[in-house]
């Protein structure tokens, strides 16, 4: 899915020229120490940051040379769980999740049922009318997960989606990801959770200092990244 | 900004809802719009009236043509009247006999006029025509033409006084216009500034929307609706204040102060003109201000 | 807001730094302050001048006392002059002989004055005194007193015309005052509104500061410094504009338009008064607006 | 340190009447599923939220009846690592950490040395001039830790301080906490990290649905909280 990607932000080199290809339907863990470049790698994929060199192809989009006006259409095909959640503070939980559907002009009736369904899945149906500020950290994270999944994108990118969750809730969320992956969705997930990586064996791409130091098909979290 | 009907409904709903969600931010921007337009409106009302009064002063300018006393009164009168009627740009011609002339003359002197009583026996004043030009500014020109008519011995167009008057009235008009235009621009600036800051505070939200896949239009529309409503409500408030205030002021000036000679414009067509201008500015800036400010954040 | 020196240094540094960090938010609020104060300043300049002109018109009001022509000229003159000098509130007394009177009279009629030539042989005008009151508004009262003096046959205080004049000038003054006060309040409102919105956008930061253990004063100080600077710079800009603009306007009116009779106030003391007022408003609102707005968020 | 504490926010009951006493110098883990009330418990301690009933005593402050103007002085004695970091977005990393010292009017020279020292400890000395938005998630979290520790408070409260950190960095941070605890500082830490809780044995208070369901001196993360 990608060819040569690399970035470089206000002076600091976050990613050196890297080469990765992720096939449709894969489940990939992105691991590495703090500041290794995982989030940067992810941001390049949905074009929050523009690659400073190299070429990125996703879902048929030439991400690196995409025009301003076409970016929204790339993003609609990708469900993203942001590391800092990025919930709209003035909208309720329901509205936050619904927003991802409104953007693609879904029918209001359909929005309602789809949103409630996904909120049920992440266990927050009873908090649908709360504002993000009235939620615990873990609850906010689950809203972010719900929003990423609600329009059934063909690619889901999650940046540490279980960082604020207790092991049990984490397992539930991981099962959710495993399930959508089973149904054909590609999943790329940055994570620090050793247990998850080691118990649900999948492809592991390990970053360190902006380089890919390991890329195993049924990898472990590992020590020497 | 092309759009389909269903989405339009959504945007209008969201824009309206956003007004309420932003609570006091909305209050702040609506009141900034309202108070700025109030200044503009009050000043416009004032300027319209000043213009009206200035015009009526200018309208008092006229050419006095004194006829030759040595010629037969009727011959002179008929000839001059016929000639005057041939001239272009004449609005009104009035004949004043020397008897009426003396009466006016005395009236002008008020109490001191009595001193002129002795003149009655021996009225040395000539008959005269008072000619009003269609446009006051043409008076001088008209006067020169009238001067050449036979039997007209002398003309008086106010001369220097008239020149001064027009200098003053044109200064008043220029100052008024400069003020109105200046105020208009500051209003536009202030309002769009306020809207900009308000949207600024929501920069974060706009960024998130973009990251979730919203197109620029999708983000813009609710702001557009919001801006329109802010501009509209912000214009309505000063219109109401001016409506009530002007009606009251008119009564006050004429009834309480008995300044009947201060001829204010009637409420009706005036308030309509002012309303149109204010709503125009309000809507324009509300819409334009919000679109401009949003655009700044859409480049992500 | 008690504070020690070291902390004060820190707050001034932070406040100033914050101005630059906020970049265009600072530009937005400074320009809102500047443009609002520009309106106030321009209007004040205008109002001061109108007041000046109105006063000089009022100053033209005077009492004319005509002496009895049947009495010996010198006796009458000396008696009346002595009596006039005894009166309170008299500013100036001028004697006008009947010859001068006729000359003035003819001058007033301009070209038509020639028609009065016949009067020269038989000057029926009386001698007169022109008396100016210390305060124009007292003219009427003074006139009544003068009327009772022996040998004064008749007085003329302008009567109705004067009354009308004073009605108009007091209306002009009232309108001006209402405008100035109204503008002052709207300026205060607009500026504090802008500052409020600006700080509003930093609500989050204030909350975090509080959570890290900052006292209210500690948070308030940099905002106070920032508000002061915004108010000050925001006042300086319109002062400069008015200074240059007024100097230019004065030249333009007197040199280009040759309106020498339009007696504008001299630049020097005027600009000082206006500067003081604008800086006063600017500082007051900058400081007050920021303190008020911060307070709203300090309750956490 | 606390007696009866309980809160109750805009309708939802986050904590039922609970009783806890934490002695000076203790190291306490607060565990429990997402939304159990851990953060609420912590927010009560530094008075971000006011207890709706009960009494809280910390460092000699009557937290529950503290007057507005005295709150800053309570907070200065407590170092808090917020779950959502709460960094000042317009200040650099250095300035963010320095802020906690400026508030107590520390001498500028001293501020400089203290801040650089603590940034060294969390491994961010080289990012001192970055803005928070130019940091990775884990780096931001470490700045939050640095700020909490810089003025050597007698009580440190940390709400999931390792949620965005890889295991190695987590261990470093945990060792830091252990060290300051050794030097007499009380540490209260909400966490989901099972490994940490189980490897560094300390007192564990488990919440669930606003109740304390377990309080063990050398506890494990546990299954049935």
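All chains are identified by letter, namely A, B, C and D, in their written order; residue positions are counted from 1 within each chain.
The rule we apply is simple: contacts are C-beta pairs under 8 Å (C-beta built on N, C-alpha and C of every residue); 3 or more make two chains touch, one makes a residue touch a chain.
As the structure is a computational prediction, the values presented were derived from the model and not from experiment.
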Chains in simultaneous contact with chain C and chain D: none
Centroid-based (C-alpha) most distant chain relative to chain A: C
Whole-Å gap separating chain A and chain B, where each centre is the average of the chain's CA atoms: 62
Centroid spacing, where centroids are CA-atom means, of chain A and chain D in whole angstrom: 28
For chain A paired with chain C, centre-to-centre distance based on mean C-alpha positions, whole Å: 67
Averaged-CA centre spacing for the pair chain C and chain B, given as whole angstrom: 24
Where chain C touches two or more other chains at once, by residue number: none
Arrangement of touching chains [line / ring / star / complete / other]: ring
Pairs of chains, among all present, that meet the touch criterion: A-B, A-D, B-C, C-D
Parts of chain A lying in touch with chain D, wherever the complex brings them together: 9-10, 12, 31-35, 38-40, 83-84, 134-139, 142, 159-160, 163-170, 192, 194-195, 221
Contact footprint of chain A on chain B as seen in their complex: 4, 6-7, 10, 18, 21-22, 204-205, 208-216, 218, 299
Complex contacts: residues of chain B adjacent to chain C: 25, 28-29, 31-32, 35-36, 38-39, 42, 46, 66, 110-112, 115, 118, 124-125, 154, 156, 159, 164, 167-168, 171, 175, 179, 182-183, 186, 189-190, 193-194, 196-198, 200-201, 253, 257, 259, 261-262
Chain C-facing residues of chain D, complex: 46, 48, 68-69, 71-73, 75-76, 80, 82, 86-90, 99-100, 102-105, 107-108, 147
